[in-house]
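Each structure below appears as structure tokens.
Paired with chain B in one complex and with chain C in the other, chain A is shared by the two complexes that follow.
Coming up: the complex of A and B.
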């Protein structure tokens, strides 16, 4: 009886591990971290979006309610940024998914050299955005750019083109750079997904007379649905939130031709020091992403499996 | 060898004590944030740190380089979230924003009792003071001037650099030859374009801010924007990439021979001299005068105290920058013009013909516009508005309307 009453802390921990409360104990450290580095900044972002917070005019600071959100409705740069964000994300995702799928299918074939190509294809993703941005700024440079030189040599262009200086081509050029940088992310995830599809399914389908297109449509795509959904959501979040590539390539210009919401929020916060309005822009981005993610998950029915 | 638990504890305690004694006698360490990034700038900074270390062996300086475009983002984050450095670099354009957010410490009392103050005339302190209080010690100056290809000018039969905007346009037309891929002027239309847009507006007679109020003269400003954008739109004497060209592109254009003239400041002299032969391939000249005013900026830059924890050591460091030895070390490494008159009298400046244009500019040059909100308005309103004129999305009048509207909002 005495030994039961005076059990040590290790033994007590052992007892706790047998109960349903053990899971809460295991989640506790992660929960604390999440609260500190995710929940608190997010909530603080909501709070400053309804306050005036201009570092260079502290006398104006205080509660303003929905003033920033109302001002946003008549802010032409906000609407341009919203439109550009939609184009930027949709086009980049479409190109990246397509290229990623092609690369993954190619790498999934066990032919000699695929391991080496696998590493080469992943290289762009290893480059930091800023490095990739400077590299492409030089490749597309209107004076020294290799790509301009190649296009002139093969007769596509008559003279070197200033891709980022023309509003008609600036956004498209930045999307192509982003797609080059981001498609290995999809290739990697799709390849992992493809490796998990049993070969027998394809063999059985072939016996039943299904050609490559039907096999792709009826086996590959459904089996990869969860991976595609997760990858698209992660990439959309990353694209909406990351202004660094555009900051390096165009700074949102010329005019506001490549201005997107994340870059606009960054410039508002760190050039105008208007953290209140920048906070409101960030809240709008947060809401857009939440709505997108829930609709997308519902549409793809990925949680019903 | 085996150590007993007791021996281990004693040894640990002895080590802890020894490290405590060491740190107690160690030099005062101060941190310094700056936006020097090029090889020459970093070499100049290291030389200054070395000289400072010799004269102040009891103080160590830990420097941190922050890209110029991100400097204010980092400082403002430090002001909001904590983590300020002891000292930091201050340029005239950012002074108003820095003081408004409370990033700098008032050092008037220390400056007034400083013997080197006599070498820094009143105009050096104007951009570093507010309401009679001094917040930074001037160290060097960016003096605006024009670099021009001497060989191209001779080839085109031009006797010398243009002195007025009228002569500038004439020279541009003579120097441009698209067949050779040669353009007369490396216009900055990308990041940093606002600087010259504002200069041209003032050269056509439009002020920007007066007594804290927006003061743009619309007709003069429209005339200025029309003149400046015509170089790209009508005369086609600037490279087609101008709407996105920032510092790197205009310098590359000049160094590689694509352009014959470029407007910048004394800070790029070393970089250009490394690619082109001074006095033979290129020379320098004061900025051309506009129809109403001769505008060139003389922007003094210096250093301020951002945290009071080690204020004596911090003062020693920032005031050292204002002395002759530091100024000459920086000049030799970077070409940055000294703020100290003692350093300006040095033979290395007086006898070098390439510096004559900068010395002339010191006589008429103006300080940059400095008001709270200047950085945001310049970069977020002036830049995109002017770019939109270059790309045909806005007329000069519409662009000026946006600039006026943006300026009124920034000052509100």
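Coming up: the complex of A and C.
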């Protein structure tokens, strides 16, 4: 079947696969790529953060040392962003963990129709932020938002509310949208965790006379601890990192009511072309996240199977 | 109240409660999507009316026609398809090899290297975007579909490798050993045994990163400046800002752009969910 010409290189490669060079050959392409698009840009990012780099004013280009970091300390918007990031991430994750846990417990009972419910509940997680953002902007619109209409009808509100324009409600409204988008992620991981708990544990506990509440406290929570830790930290990273949803919903406004670090850094680069300062902001974010990374490794020990 | 004391009664109550929870959550999850779909079918006059229409009084496909023929939406969608395809191709070509090496071969520094693939995910997107923009500008890859796909591999390739490694781990080792005993080379065992065994996993991992690439917004916003490579999330966002896009047309654009995601998700969700959860649960 195989022609001699075709066999040649393949057979050679087959021989090569028996040598100790094989593993390096397999790893080489992805490693080179990641060095090029991640490692080098990251190092370069540190360099940018101690330089002046404005695309609009090339003449200013040069080494400035820690000037950006010092400027940051007296930058009012930076501190507001830091505070908002903390609130946004904490509140969103608290809601997402709660909703995700309830969903996972309900799905784990395997009542008829669970499969369909599971698919439908997971869907928001896979939808793009841009569409999610506009969808909720429509739902909460001050003139034609259906949620306003429903709330007025049941008597909670007397008039339509401009959720995203009012500094008092803007952050809460974006947290609601983020919770909608993100809680399926937790439902997914918690469900997998619940399925991994042996049924026997519950049976044994029931024999010993433990009720549902004690079973939950003494079996479910401890058995899920690693999954919860892993899921929370992964989510913290992706929430701190991604300005998408806020960029679409509010752009950081009104005022700086919904400004977060990632969005501030992005806008500094994208709108003002002030790459040096934006670089310094993202380095600070990186340092904050590395603290979480070390926690992640310590708690979950992912590489030890 | 007597009913609750029997275990059958309690189970029935729990089942009812389960259904209430599941129905509520489904409405919460799907409600917004359904509302956007209904909006996309309404005339603009019926959307901005003071009397809220829960069921559209008349159905029109005008909004879909408008977004498709009166804007550059088809170009945006094409760009997104191309960028997604290149991203998946790069990840499959390089990531499959790495995932195989991590799953089946032992070598010095394996754990440390795997961990570093995971750590890549901690890097703030913004921190990589700014230097990438400067780099890409230097080599002329700004506003190029290939350049954007290359940028996407920075966060999708590690994800792909980790997910696929899980699927490779799950494929039984015995068949491979048997083939090796029969004189097959490592390459032969990989091509004829492992890859076919992990085929579903390969598809699911590819679909997962395809969806992520299709949906991506921040990198695309920074790295595309013109028609040549602009993807649909960026185009849609800019249309909203520039032209005060009518709600109906925006909704139609939203529905069209999530259509491929929903279809792909429906087809491979089971395997994809397996792959997504395997790593976290094992850890």
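To be clear about the criterion, the second predicted complex is superposed on the first by the 259 of 305 C-alpha atoms of A that agree within 3 Å, B and C clash if a C-alpha of one lies under 4 Å from a C-alpha of the other, contacts with A are read in each partner's own complex, and residues count from 1 in each chain.
Everything below uses one rule, namely that a contact is a pair of C-beta atoms (placed from the backbone, for glycine too) under 8 Å apart; a residue touches a chain by one contact, two chains touch by 3 or more.
Small disclaimer: the values here were computed from a predicted structure and weren't measured.
Student: Counting only touches as set out at the top, which of chain B and chain C does A:273 meet: first, second, both, neither?
Tutor: It touches chain B, and chain C stays clear.
Student: May I ask you to name which of chain B and chain C touches more residues of chain A?
Tutor: C
Student: Of the two partner chains, chain B (first) and chain C (second), which one does A:144 touch, if any: first, second, both, or neither?
Tutor: both
Student: Could you say whether A:56 touches chain B, chain C, both of them, or neither, answering first, second, both or neither?
Tutor: first
Student: Which partner does A:70 contact after superposing on A: first (chain B), second (chain C), both, neither?
Tutor: neither
Student: May I ask you to decide whether A:291 touches chain B, chain C, both, or neither, giving the answer as first, second, both or neither?
Tutor: Touch status of A:291: no partner.
Student: Kindly classify A:156 by the partners it touches after superposition: chain B alone (first), chain C alone (second), both, or neither?
Tutor: Neither: A:156 stays clear of chain B and chain C.
Student: Which holds for A:94: it touches chain B only (first), chain C only (second), both, or neither?
Tutor: It touches nothing on chain B or chain C.
Student: Examine A:227 and indicate which partner it touches, taking first as chain B and second as chain C; both and neither are also allowed.
Tutor: The answer is second: A:227 touches chain C but not chain B.
Student: Quick check on the output: what are the common chain A residues between the chain B footprint and the chain C footprint?
Tutor: Of chain A, residues 143-144, 266, 269-270, 275 contact chain B in one complex and chain C in the other.
Student: Which bits of chain B are touching chain A when the two form their complex?
Tutor: 70, 72-73, 76, 79-80, 96-97, 100-102, 189-191, 239-246, 249, 252-253, 256, 258, 372-373, 375-376, 379-380, 383-385, 387-388, 390-391, 393-394, 410
Student: Which residues of chain A touch chain C once you look at their complex with the stated criterion?
Tutor: It is residues 10, 13-18, 22-23, 25-27, 29-31, 33-34, 37-38, 40-42, 44-45, 48, 53, 99, 102-103, 106-107, 109, 111, 113-114, 117, 119-124, 126-132, 134-136, 138-139, 143-144, 146, 149, 180, 184, 188-189, 191-193, 196, 226-227, 230-231, 234, 237, 240-244, 247-248, 262, 265-266, 269-270, 275, 278-279, 281-283, 285-286, 289-290, 292-293, 297, 300-305 of chain A that touch chain C.
Student: Under the definition above, what is the set of chain C residues touching chain A in their complex?
Tutor: The contact residues of chain C facing chain A are 14-15, 18-19, 21-22, 25-26, 28-30, 32-33, 35-36, 39, 47-49, 52, 54, 90, 93-95, 97-98, 100-101, 105, 107, 111, 113-115, 117-135, 150-151, 153-154, 157-158, 161, 185-188, 190, 211, 214-215, 217-218, 221-222, 233, 236-237, 240, 247, 250-251, 254, 257-258, 261-262, 265-266, 269, 273, 276-283.
Student: Which of the residues in chain A end up touching chain B in this complex?
Tutor: Contacts found on chain A: 55-58, 141-144, 162, 164-167, 170, 250-257, 259, 266-275.
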